[in-house]
Every structure is written in structure tokens, then in C-alpha cells.
Amino acid sequence: MEVLSIFLILLTALLIPGITGMTKAKIAGRKMPSVFQPIKDIIRLFKKGAIYSTSTSFIYKVAPLVYLSSVSVSILFLSVGSKISLISFHGDFLLFAYLLAIGKFFMIISAMDTGSSFEGMGANREALYSMLVEPAFFIIIASLALFTDYTSLNELFSNMHISSNFSYVIGIAASYVLLNTAMTENSRMPVDDPKTHLELTMIHEVMILDNSGFDLAIIHISSWLKFSIYGTLISKFIIVTTLPFYIQAVYFIIIQMILAIVIGFLESFRARNKMEKNPQWIIMLSAIAIVAFLSTLIISQKIILN
Amino acid sequence: MEVTIFNIFILLAFVIFIVPKKSQYYFSAFIHLGLIGISGFWAINCFYNYSEVSSLPFITFFSNPLNLTIDVLSAFFILVINCTVLTGFIYAKGYLKSYSTNKSKTEFAFHHFNFIWLHISMLLVVMIRDGLAFLFVWELMSLSSFFLVIFENEKQEVIKIGLKYLMQMHIGLVFIIVAFICVYIQTNGDIGFDGLSLYFATNKPFLVFILFFIGFGIKAGFIPLHTWLPHAHPAAPSHVSGVMSGVMIKIGLYGILRVLTYIHQDLFSIGMFILVISLISGILGVTFAIVQHDVKKLLAYHSIENIGIIGIGIGLGVIGIAANIPVLAVLGFAGGILHILNHSLFKSLLFYTSGSIYLQLHTRNIEQMGGMIKKMPKTAIFFLIGSLAICGLPLFNGFISEFLIYSGIFKSLLPGNLFIDITLLFSLSGLAIIGGLAIFCFTKVFSIIFLGTPRSDSATKSTEVKGSMLISFFMIGIIIIFIGILPAFIIYPLSSVVGIFTKDSSILYQSAYNLNNISLVSGIFIGLICTLGLLRNRQQKGKIIKQGPIWGCGYTGINPAKSQYTATSYADNFLLLVDRLVNVKKRFIVFKSEEIFPRKRTFHTDSSDIFEDYLVSLPSKKILYWMEKAAVFQTGQIQHYLLYALVFLIVIFFLSILNWI
Amino acid sequence: MIDIFIILYSMTLIYFALAERVSKYVILLFIQGVLLFCVLFFSLYKIEIFDFIFILLETILVKAIILPWFMNKVRRQNQLKRENDTYIPVFYSIIIVVICLLVSFFLSSKLQDTQIHSKYFTVAFASVIFGIYFIIIHRNIFSHVVGYLIIENGIFLISLALGSKMPMMVNLAVLLDVLMGVLVLGIFVNRIGNTFESVEIGHLTQLKD
Amino acid sequence: MIILYFSIAFILASLVFFFKNQTVNRIMSGLFLLSQIGFNFYSISNIGKYDSIYYKFDALGGLFSIVLSILSLATFYHSYLYFQRHEFSKKQESAYYSALIMLIASMMSANYAENIALLWVSIEATTLFVSLLIFHERTKDALEAAWKYLFISSVGVAIAFMGILFFSMAPGINGLSTLSLNNLIMNAKDINPLWLKIAFLLVLTGFSAKMGIFPLHTVTVDAHTVAPPPISAFISTSLMNVGFLGIFRIFTIIAKTSTLYWAQNVLLIVGIISITMSAIQILRTKHYKRMFAFSSLEHMGIVALGLAAGGIGYYAAILHLVFHSFVKASLFYQIGQVHSIYKSYYFKDTGKYFKFYSLGGLAFLLCFVCITAIPPSGLFISEFLIFKALFIQNRIIVAILALVLLTVILYVFGKNTLHLLYADKPENVDLNNVTINKFETLSQFVLLGLVIYLGISPPIFFTDLINSAISILK
């Protein structure tokens, strides 16, 4: 059954980019592409050969593999609704976060491996922003840990409901931070505009300028999976765990779809930040996370007010 | 019996001066191996029947018998020392070869002699409890490392740095001396660690602890006591910087840990103190590291950062004891102590690999490097392993120790103590920021050194290192990955070390389950990478795989070596956030309006350490300046000389009359 | 009787401050030697006759004859005539001599002790302090030696003031030592005179930082 | 026995002086050394006994005599080398040797003198002989330094004599044993404290020129600068020990009285001012021997602090003196070798010594380590004990100030040592006709090894000597 939840996460991962694309096209007044358009693109890529730059080394070839592997392995820590994840232990979210980080590490050095004048730009922005966003994630987890007394990713989220109504307050704050963390981690609006045409202002897209074929495909897949991962985390706040599993699964899919639409909306109506404003914006997430932490302290009445 | 052999090996060190140049290395290797053998035997012995302190009569020191006391903490440090020194001198064989032409026999002998003595003194420091003898070997350690630092003494810069290093070590020693004496005055017992328990049982430990902390902290390199470190490490030859950064600075931590074992009250403030200093060291250390262009200086700043991480672990452990949160105490100490070992591994590996690069390029400026992965693939892989480990990424050992600290924090978030929770929050965010910045930094270093296109001629001509240097890389690399993937094995010895500080060390066994899961995930992760690689191979079979130039946005006249990202530009966006702290100065000439045909221009950036500027350089310069101004007494006039006596007589006379003295 | 010699001795100190001719110094040294001899003659009548004669002879020989003679020789060799460039004008020097006397008077009254002859002590102490002062204000190494002799005379007087009875051998050794010291000093003065062609202290300031 | 020794010394010195022949010089020096060592053995085996009424073989004197004998051996050897390197007339050479013999003899006399007047006479005699030796090179600087040293020392010693006279005030002192130390110590309690204070102050000031501490330290520094290195080694070590002995003897008289605390305060002031003077002046100096001289000033200041601290400080002070003697002597011997290469004592003319002569470089490094009291130097232990004593006596501010100043001195010393060893090679250094006797350097290693050995595990004989030397203070 645990495998089922993994399957659900993977399934929604395939759909999210399509739905987001549709939403954005609708808002922009364009003709909506098919939901499966991104998947078709990927399949096309899988059929292609590849071109490797002369200045690259084996790092460049290894990096996409590591990236996809890291993201995929992170999924093992997650589950849908009340299901237990495949791997769960105290402090597994640390491994989760650092696995994502190792993937990112490799993506950054692979971008640098090309020796291109553009890819370095993306690489260092990616490195800086993901470094700045990391505390936010940990602090949110810490708030949850404080709130629920658990220290594994699965239990943290599943036990949110049982505690009290206050969990929703924290849930909302956490969802906000997680959503924006997802946006930052995936280099979407407002940190980065994936559809821009100017390499100078890109982050993620410019890092993979030289990737092609199989590598490019798995990089795309990895970013989808990442969205799905964050969506799964957020969905855990909302799904009522007492319900039977099939209903939870439906809930889950709906939440993921809504998330995709929300992202589409956000991307359509938000403007991209000025590049030097980005750090401030990301640090703001940490600040919000700290507020969440403090309110957890107060709400859970764990401090002795005398 | 072993002590006698140990002493014989110590005395054999003096023979090195008469050994012919060719066999010097082997002779010193023999001594090192002997020392490692005996002390390792003691250490392992201690681990096997732990909770037991063994005491061996060593020599008569200043009319008192001196014992070598080995408990688990000493044993742990002995193993760390031996491990790093072992790889260090294996590496040295290849590294020193490049110096063999322009250094004389005596200079080599002196170098080997000091390397041996650094080893001996480090071993003795962790085994001696008597105060005077401890100070003695402590300073011997500083002294021998000082001579090692100034090995490349034909450079005046190195000499200056060496002197600074010696001075700061001496100041550290003074603090330790004062601390010991303060304890002595109160207790009137022995000067030494054994006297501390008596003192701390009855007196407030905080002030004396601060004295010890400053003394040991200068060695360890806590900010703001770190200013020697970023200079001394680059100046030293790489095998020395590896050993210095790998273990010698940890000996400072040993001192702090040893003192902590005797303190049983007022621990909360001490823990907070350590924690705050460590957080500052960690964050600022890595911040300073990012802006460096000198690879070894950068690594040196990373040592400060890692000392910070270790300190966070220890500080949390102490707070855990004070606040009676066993899990925090155990995991904090475990993480901190494990990180001592881990850091000694990956930092020495990083120093050795960067030393190999230095041998090829004769520069430490990373802006001159690039594309080295194609010339030195093995070195590159080991540097990558080191980088991943130092960033605390999974599969590598750095992750394990950070994991322990993190999980200690998260598990102790439970009890409802506002102050501790907020403290934990800050240490948590601090650790997260440190980890993130480390990744930022090491993606920079690795990319700029090894990836892209060579930036200088010498970078294109370099070749891979061979022989002994690679052996040491392999040794360290294997241990790093072993600890990273199978961490549960390290738990049992670790728990006995932690047992010195807190009795509940069995909590650590519970983490073994988590650590096994880490092993599992690591396995899956590696398997997945391999599977994906095979998939790609299958997919690409029969497809067209081409080689081509990089995408230049349609512009084809691009010169890849010139237009690629540099270290400065990589760090620039981070620099904007911290420019006040690192004192970045950009020097360039502004274009003038009347300048129709601009001249050739250059652009320099350099950064300095504000702590060094305002805490060390400026005050010492001022003091020396004013003292030199005051030096007017040797006038050469005989009358003045007599006048001093007259004035002295009169002043003392009147002081006596007035009963002031 | 002794009082007169003591007062005379203190007068010589004032003359030292007043004198500008170098030859005067030698004469004053001679006078001091004679005065010391007289003081000794009148104060040491209690001891054994042999010792008494020996000490008297020794004093008159060394203090009143050999030393002034030797100093005069050195003076001639270096052709010293006038010492008119002291650091402090004579006028103040005289005042300082008086202050020296007053201070030592004050001191000896403070030291109320049965063992001590405060008359001697006052003058003797003043003599020592004045000797040091004398050295400090003069720029001429010959005068420095003179100052040294003033100190030595003062100390001799103190030894009388304290009523101490040195063992004879020691006493002899002490006097011989002083004599040797002055002789060597004199030789050095001559050396310096030859080497630097002057005995001004200004030449002797090369060793400094 | 001691009379015999003096007669031998005197006869040998006169023979050397009148023969003016190198072979005679060497034979007589050898004979003198034999008699010196023989007498030393005799005196050590008769510790506690009187030799004539004026001399007594006491522990401290014995200790210093051993140091003196060891250094005499080394100094004669280095003097021999010194004359090989430099051209001097036979007259000068024999004058040198005879003065040296007399100097050693008079220092021996000072070491064992039981009567403080005799002590004074011996010290005055050392002044005379040493000033002749300072003047040995017959340069203008030598003349100036010798004059200053002689004159200031003489004035100082005269002042000290005045102080000694005050002791004869002690009631019940009469006859031949008037100024016998033993007698004075026994009667010290009955002496008017004010007398004691004045006496001590005067003696301290007077002998400060000999011991090389504030206030009359200045001339000692000058003397070091110009004297031949073997003589500088002597001035800085045995002669300072003699000066210390002079002060220490008076101190022992006071130690049993209520004046002790006052005297310790004065010593504290003297000590800290000495260290301060040393620290600030050493920054300005450009001359190796002057630097060493200021370092001696510093060490004597530390010794004074040790005396001021009392308790373990007494022990440490004497230990410090012994160690300092060996280390400083080897430094001066070493700088003699350095001079034979660079022909200059100035910093600017030196560099790359380690390359030119590695063994000497090692010796110099070891000297540097030892003199700045960095382990394994025995001085580290003695300084540690002195600071411990200061802290115990609650003289914390002084101790901390001293520690700061010592750090400055260490810095300067280190900077200049490293300059000598590793700085770029100065121009116009010709190395081809420089021959250095390896045994010369070896002798320094022996001395330094002695310091390290005595520091780490002092033999019981040695500690017993020091303990009985200070037993009188307790």
C-alpha cells in the first residue's frame, strides 16, 4: 500500500506542469495546450541523441543522474494522507533535505563544468537562493516538531490534526512557507521566470542551457517531482487522516491539482523580483518561519506564562 | 615496557639530524609508525575495556613522577591524531620531493624532526594531566608547528606569518597558564587537570572557564581568536596544513573538552557561551571563506567554520546536561565529537589535494586554475569527496555528525522551556545557514579549480600526482565514505567517549536505528544513480552523440577561457550581502568624461577580516608604536643614567616615608 | 673641635659648587682629604694605637696626597683649565648645595639613633648627594671623577659617623679598591682625552638607541 | 684554601701579563682552569664550612661557582677562537687573558665572601677587570662603553658601600666579624627598620649596575654592545649573578625582619620597571648584542620579581639565574660565530644564516627558543614558577603587565632571529673564506642541552643546592 502513495505522488508529478501550463495559457488568453504536452516533450527528448560540450567532464554526465536520484529517493520519505512512508525514522527530514541538496550541488557544478559565461550566473544564483531558503524549511519543520513532539517527516505532518484546531494556523503559515520554498527551489516566480528569453536573468533554465536528450529529460522530470514533493507536504496539512484511504487519495489528487493551478495563477500575476531583491525576499520566508515557530510556542502553551 | 619503547622512539627523533638525506624520510616514517603503533595500541586497549583509565609512569618531570593517563577521550584523540599524521607523512613523501633540490640536508632533517615532534607533542598533550608538563608539551606543539609553518622560509611573507602564529600561540599559552594558576591559588592543590575538579567543586567555574576557553580557543580558532589560522595554514606546506587543520586545532578543543569534564555546575551559562561563540565562528567562518581566492586560505576559514560546528555540538551538549535534557546532551556531544574525527578526515584530504594542485601550478590563487579535472582526474574526485563531506551531504561522513547534532536539536524541542527552545531555534538556523553557505562555497571552489576551461598556461600543463600522495587520498577517502554510508559502526566507540560527559550515553544506541536507515537510503540512492546511468547508456545506444562547443547565445567568437565565470563573480552576489563584514575593497580607475580613448585598466578586489583588522593588527600596531615612542631612556648621556638612580632613590624614599609601599 | 672640621668640610662642598677653575677642584679635594684626616684624628682615639696610626697614615696618604696629586696630573695632561659649561648655572648649584645640606639635616634628625653622630651624618650625606649632583651637572669627565671622589669622601665620613670599626684588612682593601678605581678612571680619562682630543662628555654619546 | 687559589690566579695572571706570549697564555689559561675546577670541587665538597674568617662555602655561592666554572671553560675556549678570528697584538692578548683570569678569581671571591665588605671589595674588583676587558678592542665605542661602565659602576658600588656601612650599625657587632653575614642575619631584628630600608635601597641601587637591573642598567647594556662576545657572555651571566648575589646577601639579612614586605615591594617596582625598560628599548635596537643585553635586563627583572614574590619565587629566581646564564652565554658565543660570517652585529647586515651555516642556525633557533622561555627551555619552568608565586602573593596586576611585556619582547626577539636566519642574503657577504669550527657550535648545544635537562629533570644535587641556598630565607 505504501507503494500506492508513491505511485500517486509520481502520477500527480506528471500532471502538475501540464495543469500549470494550461492555467497560465488560459489567463494569458492563449489557446490551452494539452495537459500531456510536457510529457510529450519529455518523450521526444528521450528519443533524441545528445550533444556534449567539449569543455565538460564526467561531472556533467553524472550530475543529472544524481539529481534525479536524489529527488526520487526523497519521495520515499513521503506518503499520501495517513499512509506510512516507505522509509521513516527520527530526523529523516534531514536526510530528505540534504539529499535534495546533494542533487542541487551536482547540478550547480555541472553548470559550472561547461565553463560557459551564462551558466555560471545561474549556478551561483541557484546556490545562493537555495542556501538562503534552507533555514526556512528547517524552522518550519522545527515548529512542527515542537508542536507534535515527533521528529520524522511522516509523523510530523500526520499528527498535525490530532493535536488541536490551532494546527490550522500553523498549517497555513507552514503551507505558505513551503509553497514559496517550492517556488524558490524550483526557480519559479517571483525568484525566477522560467519563460524568460534573456539568459542574463535566468536561474534554473540557464543552468541547463547545454543539456540535451536524456539528461535534459531527467532534469525536467526532477523538477516536476520536486513540485509534487512540496505539494505532498502541503496536502498533508489538509487531508483528514481519519477518512478511508481512497477518499484521502482523491483529496490528495485534488489538492495537487489545485496547487498546480495556484502556481499557474501566481506565475501569471506576480512579477519577477529584481535580481538583487531576491535575497531579501527569500530571507523573509525564514522570518515568517520564525514567526510561525514563536506562535507555535505560544499556541501550544508550552511556555509557562507567569 | 611500552613506555620505554615510546621513549626510545622519542629519543630516536634526535638521530634524524645525522641520517643521510636520502633515508631521512624513511627514518622519520619509521619513528612515526612506531609512535602510531604504541599509542594506537594504548588507545584501542582503552576502548576495549572502556570506563577504565589507564595510567602509565612516563618520566620524572621536575622532580615529580609524570604519568601518561589515557581515558576514552584521550584514546579518541590519539586515534584521530594518528590517523591524520599517518596520511600526512605518507602524503609528505611525494610532496616534499619537489623541495629536495633547494633545501639542504639539515633543513630537511629539521623539518622531519619537527613533524615528529608535532606528533609526539600532540600525543603527549592528550595523555598528560599534570599542569606544568601539559603546558610544556602544549607549547612544544605550538613550537614544532611554528617551525613547520616556516618551512618555505625563503618567502618573507611566510616568516611574518610564522611569527604572528607563534605570538598568538604564546598568548594562548599565557591564558592557560593564568587559568591554571587561578585554580591553584584557590585550591592549593596540584597545578593540573586533577586540581580542577577540586576547584570546580567549590567555586563558580565561569571566569576560569573563560580563561581556559580563550587559551585553548586560540589554538582551536574560534572567532574572534582565529586570526592566525587563515594565514598559517596557507603558508605551511600542505601535509603540514593538513595535519594542523586536521588535528592540531582540535587539540584546542581537546583542552576545552577536558576542562568541561571537571565542571559540574553553572553549566548553562558555559554552554550558552560556547554555543554563541561557535555559531558566530561557524557562520562568519564560512562567510569569510566564500570571498577568498586563495584555496588554502579558504580551507583555513572552513576549518574555523567546522570548529564552529563542533562547538555548536559541544555547546548544545553542555546545555543539555545543564537543562537536564539527556538526549540533547548525548547527541550534541556525540555530534561534536564525531565531527572532530570527520573534520580531521575531510579537511586533511582537502588540504592534501589542494597541495597537489599547488605543486603543479605553483599558485594557490584559484583564479589561475580551471579545468584541472581533465589533467588530474583522481585528485579532482578526492577533492569532490572532501567537498561533499565538508558540506555535510549524505553518503559522506560530514552528514553523520551534523545529523546527530540536528536530531539532538529536534528531539529536544519537545520540553516546554522557552529559552532553550529559542536557543535551539537559533542553533538550528545557524547550522542550516552554515550548511547552505558551505555548499555555496564548495560549489565555487570545486568548479573554479577543476571545471571549465584552464585559466592559465600552467593549468594546461599540469599532470596527475602519483604514488604516495594517491595512497593517502585513498586511505582518507575510504574512511570518509565508510563512515558516511555505514555510520552505525562508529556509534559504539563514540558512545563510550560521550559517556565521559554524560551518563546516559546509551541514548546514542537508539540513533543506531536511524543511522541504519541512512545506510539503507544511501544504498538505494547509489543504486538508483547506477540504474539511471545504465538506462541512459541503453537509451543512447545507436543515437547520435556529438561533441561541440558550448552554447554562447548565438555568439561564436567566444573565448571560453576568458569569458567563463570566475571565483569573484561567483561570490559576488553573496558579497553584496556581507560586504561590511569582509571589508571588500575594489580598486579601479573611474572613467573620466574627457577620456575619449580609455587607457588600459586593471581591476583589483581584495577582502580582509575585520576581526583581524580591528582586534589584532590595529591594537598591536598601536601598542608597538607607542612603546617605541616611549623608548627614550637609552640616551647615551652618562648624566641621565645617574639621574635615574637619583630619581629612583628619591622616589622610593618618599614613597617609604609616606608609607605607600 | 671635630665640629669645626665638619663645618669646614661642608664649606668645601659649597666651594665645589662655586668653583669654575678645574685646578680649584684638585685643591678642594686636597683640603677635603686633610679635613677627613683631622676628623679621623680626633674621633678615633679609642682604638689600639697601632691600628690608629695605620689608619691615619693610610688616610692622609690616599685621600690627601695620592689622589689629589694624581688628579692634578690627569688635569695637566689633558690641559684642563676652566669648567664653565655646567648644565645648571652656579647660582642654582649653590642653592642646591644648601638644599642638600638641609635635606640631610632633616634626614639625620629623623634617624634619631644613639649609634649615630648626626653631625657627621648630615654633612656626609649631603656630600654624597652633592657628589651625584656634581656629576650630573658637569659635562666633563674629569669633573665626573671629581664628583666620584666627593661621593667617596662623603662615604668615608659616613663610616666615621656610624662609628663603625672596620676590620683592618677589610679597611685596607676598601681603600685600595677606591685607589685602584680612581687610578683606572684616571687612565681612562687620559685615554679618552687622547682618542677624542677632548674630555667633553658630548663625544661619549655614540652608544644609544 | 681560597688564599691558595687566589695566589695561583694572581701568579698565573701576572705571568700571562708579563710574558706576552701565546703559548704561555694557553698554558697558563689551562692551568688556571684546572685550579679553578679543582677549587670548585673542593668548595662544593666543603659546603657550609668557613675558609678563613672572611669566606664561607655556602650553597648559593657554590651554585654560582659551578656555573662560573662551566662558563669559564666555554669562555676560554671561545676566547681562543676569538683570537683566531681577529688580529690583535700580543700585548693586547695577554692583557686580555690576565684580566680574564683576575676577573674570574674576583668573581669567585664574591661568590664565597662571607663578609659583606669583602663582597663589596670583590665586586668593585670585578668592575675594574671587566672594564679593561670591555675596552679590549680599543675602538672609540669600546672606550666609551668601558668608561661609562667603569664610572657608573664605581659610583653605584660606592653607593652600595654606603648601604653596607649602615649595616654595621647593628648593635652588638664588634671586632673582626663586624660585617660578617651570619652575624648580621642574627642581629637583623635589632637593627632600626629605617636603617635597614635605607641600607637595602642603597645596596640595591648600587649593585643594580652589576646585576643589570633598573636603575643603573643602562651602562651594562652599553658594555654588552662593544665587549668581545666571550666577555659579553660573562658580563651577562656570571657577573650579573655576582650582582644578584650582592643584593641577595643583603636581602637575606632583611628576610627575617618586618622590613621584608617593604623590600619585596621595592624589588617588585625595580623588576617591573626593568622589564618595561627592556620591552620598550628592545623595540628600537638595531644591534644583536644590544638586543641580547636588553633581554638580560628583562630576565634580571624577572628574577627581581621572583625575589619580590617570595615563597616558591626564591627558588625560581635562582633557578632562573642559572638557566639564564647558560642560555645567554650560548647566545653570545653564537653571535660571535655570526659575526665571523657577516662582520657586523647589525640586523641590516645579516640574513640567510640558516643557509650559510645550518648547524649554527639550529643553535641560534634553540637559543631563541630557550631565551624567550618557550619550552623545552628550563627558563619556561622558572618563569612559570615566578608567575605562580606572583599570583599567589596577589601581585596580579604586575604579573599580567609583565606577561604582556614579555610577549612584546618575544615578538621582537622572534622577528630579529628570523631575520638573521631567513631574511634575504645581504650584499657583500663573502662566504668563501669563512671557516667555522663545528665544535664551537657543539659547545653551545651542550650548554642549551644542560638547560633543557636541568629544566625537565633537575638532579637532586642541584635542587638541594638551591633549596639550601634559600633555606635561610624561610
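Lettered A, B, C and D in written order, each chain numbered from 1.
Here is the rule we go by: contacts are C-beta pairs under 8 Å (C-beta built on N, C-alpha and C of every residue); 3 or more make two chains touch, one makes a residue touch a chain.
Everything quoted here is computed from the prediction, not taken from an experiment.
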item: Remotest chain, chain A as reference, centres from CA atoms; value: C
item: Chain pair whose interface holds the most contacting C-beta pairs; value: A-B
item: Whole-Å separation of chain centres (CA-atom averages), chain B against chain D; value: 44
item: Distance between chain centroids, defined by C-alpha means - chain B, chain C (Å); value: 69
item: Inter-chain centre distance, chain A versus chain B - centres from mean C-alpha coordinates, in Å; value: 36
item: For chain A paired with chain D, centre-to-centre distance based on mean C-alpha positions, whole Å; value: 78
item: Residues of chain B touching at least two other chains; value: 631, 634, 638, 642, 645
item: Numbers and ranges of chain C residues touching at least 2 other chains; value: 132, 135, 144, 204-207, 209
item: Of all residues in chain A, the ones touching two or more other chains; value: none
item: Full enumeration of touching chain pairs; value: A-B, B-C, B-D, C-D
item: Of chain B, residues touching chain C in the complex; value: 631, 634-639, 642-643, 645-646
item: For the chain C and chain D complex, residues of the former touching the latter; value: 110-111, 113, 115-116, 128, 132, 135, 141, 144-145, 148, 151-152, 154-155, 158-159, 162, 164-167, 169-170, 173-174, 177-178, 180-181, 184-185, 188, 191-192, 195-196, 203-207, 209
item: Residues of chain B touching chain D in the complex; value: 59-63, 104-107, 110, 132, 135-137, 139-140, 143, 147, 150, 153-154, 156, 159, 162-163, 166-167, 170-171, 174, 177-178, 181-182, 184-185, 191, 623-624, 627-628, 630-631, 633-634, 638, 640-642, 644-645, 647-649, 652-653, 656, 661
item: Partner chain B, residues of chain D touching it in the complex; value: 148, 151-152, 155-156, 159, 197-198, 201-202, 205, 208, 214-216, 218-219, 221, 262, 265-266, 269, 277, 279-281, 283-284, 354-355, 358-359, 361-362, 365, 369, 374-376, 380-381, 384, 387-388, 391-392, 400, 403, 407-408, 410-411, 414-415, 418-419, 421-424, 455-458, 460, 463
item: Residues of chain A that touch chain B when the two form their complex; value: 46, 48-55, 57-59, 62, 65-66, 68-70, 72-73, 76, 87, 89-92, 94-95, 98-99, 101-102, 104-105, 108-109, 112-121, 123-125, 127-128, 130-132, 134-135, 137-139, 141-142, 145-146, 149, 151, 199, 209-210, 213-215, 218, 275-276, 279, 286, 290, 293, 297, 300, 302-304
